[in-house]
């Protein structure tokens, strides 16, 4: 079932990238996608971690929110760099997600917003390095944690 | 003056890169550095070839109906494309030779290795075994 | 069209600065990182010189696989380069003299990008025309590579194959030479 | 417009190069080379538009890919000492 | 219509250029590895996002756009991974970040 | 490094698209930049990434080295085989015109097959090189 979904995703990718729709190239594309699925299956890569489909229904909403956050933190990071007032701090936060993928998504979201970076992961405790107290407070309010848990949709 | 200087500036820098590569090969005693020097020398030769193929105001040699300008010369591209892949294969061969030398002599510095060989040689003279005999074994 | 040449001149100067840094350094890992950066900029340089296929190859082979192979070999080698005892004066002098001669000769080379240069007159126009009419594929480089110069590419493929087999043979576990060859130098060291 | 973007990329490239050559720890250098790769990806895309042939964006994708794999390889050397180890 | 798109592209390129240049300045100026990662993150997110947005305005809707979006997705996917792994290894090799520590640290 | 979840999950997600992209470059070498040499390296880099993250043993389980060695030779054989087939059909070595119904389609088929042979050889050589270098200390002990 998951292999079939991966196959269709890859086929869409091929058709979007290709731009030439002759019979030869489309059949080559189908063979290529089948080969990819075969190899991925052999390497045991097609599971909940390799193909997190349960994210898809709420993904767009989350991404828009994430982009807004990235924009805001880019602006404040630029201010910090220009002013030169750097007071880094290190602290730990607790993630409330169930699956590993959602935790990774949370950690990646923290890293993706400039000004905060996840330095260590140990089960559900993350060590975060922040450029300033403001960035640290943003993470410590747990808004992002709640958003990712909502994205996961398992609670 | 300035435009003519810029017209051959690439050649000058390419020759400088070439000489830096050559210097790393002949001046340094470390084998890994020698291979890095060889890589630099190779890349500078590639740059020289590709620079010859460029035409001012040309486009890459991939034909397109809607563009009617000059295409750059495709011949150097073909030569260099295969040369890059062969280059990495020879680099790998060199690296594997360096690994073997390291496991035989315990060092990859040229001075150490020639000193060990010298010790070897004198040892042979003392024990009376000729070099030819040893290679036959 | 002077901007094209200016971009080239700028990139090539950056490459020179990286190469000078390469001469200065003595640690192996920094050498490998600098070589990687050098290849990355060389690939960008190839794009500005209209050689997209070459840039593709350089980006994937030169910057990717080459770096990984250097790293893999580096793991078993000494991490620092020793300062050599001998003076490096003679090699440096000969390199400078040779470079000077080459730069002096470069005044005879045609300026970059001139349509009237001899290289553009001989066979390239026929290939560009023939690629469309005889072979019917738009990428001239591929058609020259696989069709017009098919023998050449066949040879190159065999060279890559041979190099791969040679590396596999060299790094194989058993080594008959080592068994026969008793290293007197090591014995000497042990005795001493 | 595209030329202005390219000039910005060039300035960024020089600044990052200074960091590569100055860099104290190796992690600084790895980070800087990674950033240099990102800037060059932007530069390749911009140059495609600048020379009116934007269909060659495949190279930029390859570039981003190789950049990622190279960084992972360098970091693996640091964590385990060899590329073959199983952590 | 073309003019409007050109203006949008110009604005995007301007913001993108500012963001990559400030990021590179930060890469030189900030005190230690962990702080520099934030500056590198600025180049990876702000810079690429705005430059790609600007180029999308120029192409309209075509196959080139798909590839541009693919580049963007790829960089957004791999940038946090490399940043995190770099920071993680720097911590493992006992490089202690500058600044204060709040609470218990792993 | 597979006990780092971020790296592991991103490798799992990226593995299939990288191979697909490599094959895309392989088969679109006629229309844009690309071809056998580049595609071989990209496909090999996907396997190298897998070996880096999950360890060399897992990489060898995914792609056994005896299959690797067979495919290594097969690429060259395909290239030479195209030449010999065109010879058997009554033309010169590596003259593709005879392979199809018209000269142009013959050239197209010939170039596709030849590029495939190149890609097969290059990708397998690169994987074999990586395995040989990464496995060096283990082979030395035996």
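Just so it is clear, A, B, C, D, E and F label the chains in written order, and each chain counts residues from 1 on its own.
Please note the rule applied: a residue touches a chain if its C-beta (ideal position, glycine included) is under 8 Å from a C-beta of that chain, and two chains touch if they have at least 3 such contacts.
Values in this document were obtained by computation on a predicted structure and should not be read as measured data.
Novice: Can you give me the shortest step count from subunit A to subunit D, moving only between touching chains?
Specialist: Counted as steps through touching chains, the separation is 2.
Novice: Applying the touch definition from the top, give me the chains sitting in contact with each of subunit B and subunit D.
Specialist: Touching subunit B as well as subunit D, we find C, F.
Novice: Identify the chain whose mean C-alpha position lies nearest to the mean of all protein C-alpha atoms shown.
Specialist: Closest chain centre to the overall C-alpha centroid: D.
Novice: Tell me, please, which two chains come out on top when C-beta pairs in contact are counted per chain pair.
Specialist: B-C
Novice: What is the chain whose Cα centroid lies farthest from the Cα centroid of subunit C?
Specialist: With centres defined by C-alpha atoms, farthest from subunit C sits A.
Novice: For subunit C and subunit E, let me know how many angstrom lie between their CA-based centres, rounded off.
Specialist: So the centroids are 31 Å from each other.
Novice: Determine the centre-to-centre distance between subunit C and subunit F, using the mean Cα coordinates as centres, and give it in whole Å.
Specialist: Inter-chain centre distance comes to 22 Å.
Novice: Need the CA-centroid distance for the pair subunit A / subunit C, whole Å please.
Specialist: 37
Novice: Would you please write down the residue numbers of subunit D that are in contact with two or more other chains?
Specialist: Residues 30, 55-56, 58-59, 61-62, 65-67, 69, 72-73, 79, 82-84.
Novice: Among all residues of subunit C, which ones touch two or more of the remaining chains?
Specialist: In subunit C, residues 52-53, 55-57, 60-61, 64-65, 68-69, 72-76, 138-139, 141, 145, 153, 160, 163-164, 167, 171 touch at least two other chains, as defined above.
Novice: When you check subunit B against every other chain, which residues touch at least two of them?
Specialist: If we look for residues of subunit B contacting two or more partner chains, we find 59-60, 62, 64, 81-82, 84-85, 89, 92, 95-96, 99.
Novice: What are all the chain pairs that meet the touch criterion?
Specialist: The complete list of chain pairs in contact reads A-E, A-F, B-C, B-D, B-F, C-D, C-F, D-E, D-F, E-F.
Novice: Using the touch definition from the top, list the residues of subunit F that touch subunit C in their complex.
Specialist: So the residues of subunit F in touch with subunit C come to 25, 29-35, 37-38, 41-42, 44-45, 48, 72-73, 75-76, 79-80, 83, 93-94, 96, 103-104, 107-108, 110-111, 114-115, 117-118, 121-122, 124-126, 128-130, 132-137, 139-140, 142.
Novice: Please output the residues of subunit B touching subunit D within their complex, sorted ascending.
Specialist: 59-60, 62, 64, 67
Novice: Give the list of subunit E residues in touch with subunit F in this complex.
Specialist: Interface residues on subunit E, with respect to subunit F: 77-78, 80-81, 84-85, 88.
Novice: If we count contacts the way the header does, which residues on subunit B are in touch with subunit F in the complex?
Specialist: Interface residues on the subunit B side: 60, 62, 81-82, 84-85, 89, 92, 95-96, 99, 103.
Novice: Hey, which residues of subunit C end up touching subunit B in the complex?
Specialist: The contact residues of subunit C facing subunit B are 1-2, 4-6, 8-9, 12-13, 15-16, 19-20, 22-23, 28, 31, 35, 38-39, 42, 45-46, 49-54, 57-58, 61-62, 65-66, 69-70, 73-74, 76-78, 81-82, 84-86, 88, 91-92, 94-96, 98-99, 102-103, 106-107, 109, 111-115, 117, 119-120, 123-124, 127-128, 131-132, 138-141, 144-145, 149, 152-153, 156, 159-160, 163-164, 166-167, 170-171, 178, 180-181, 183-185, 188.
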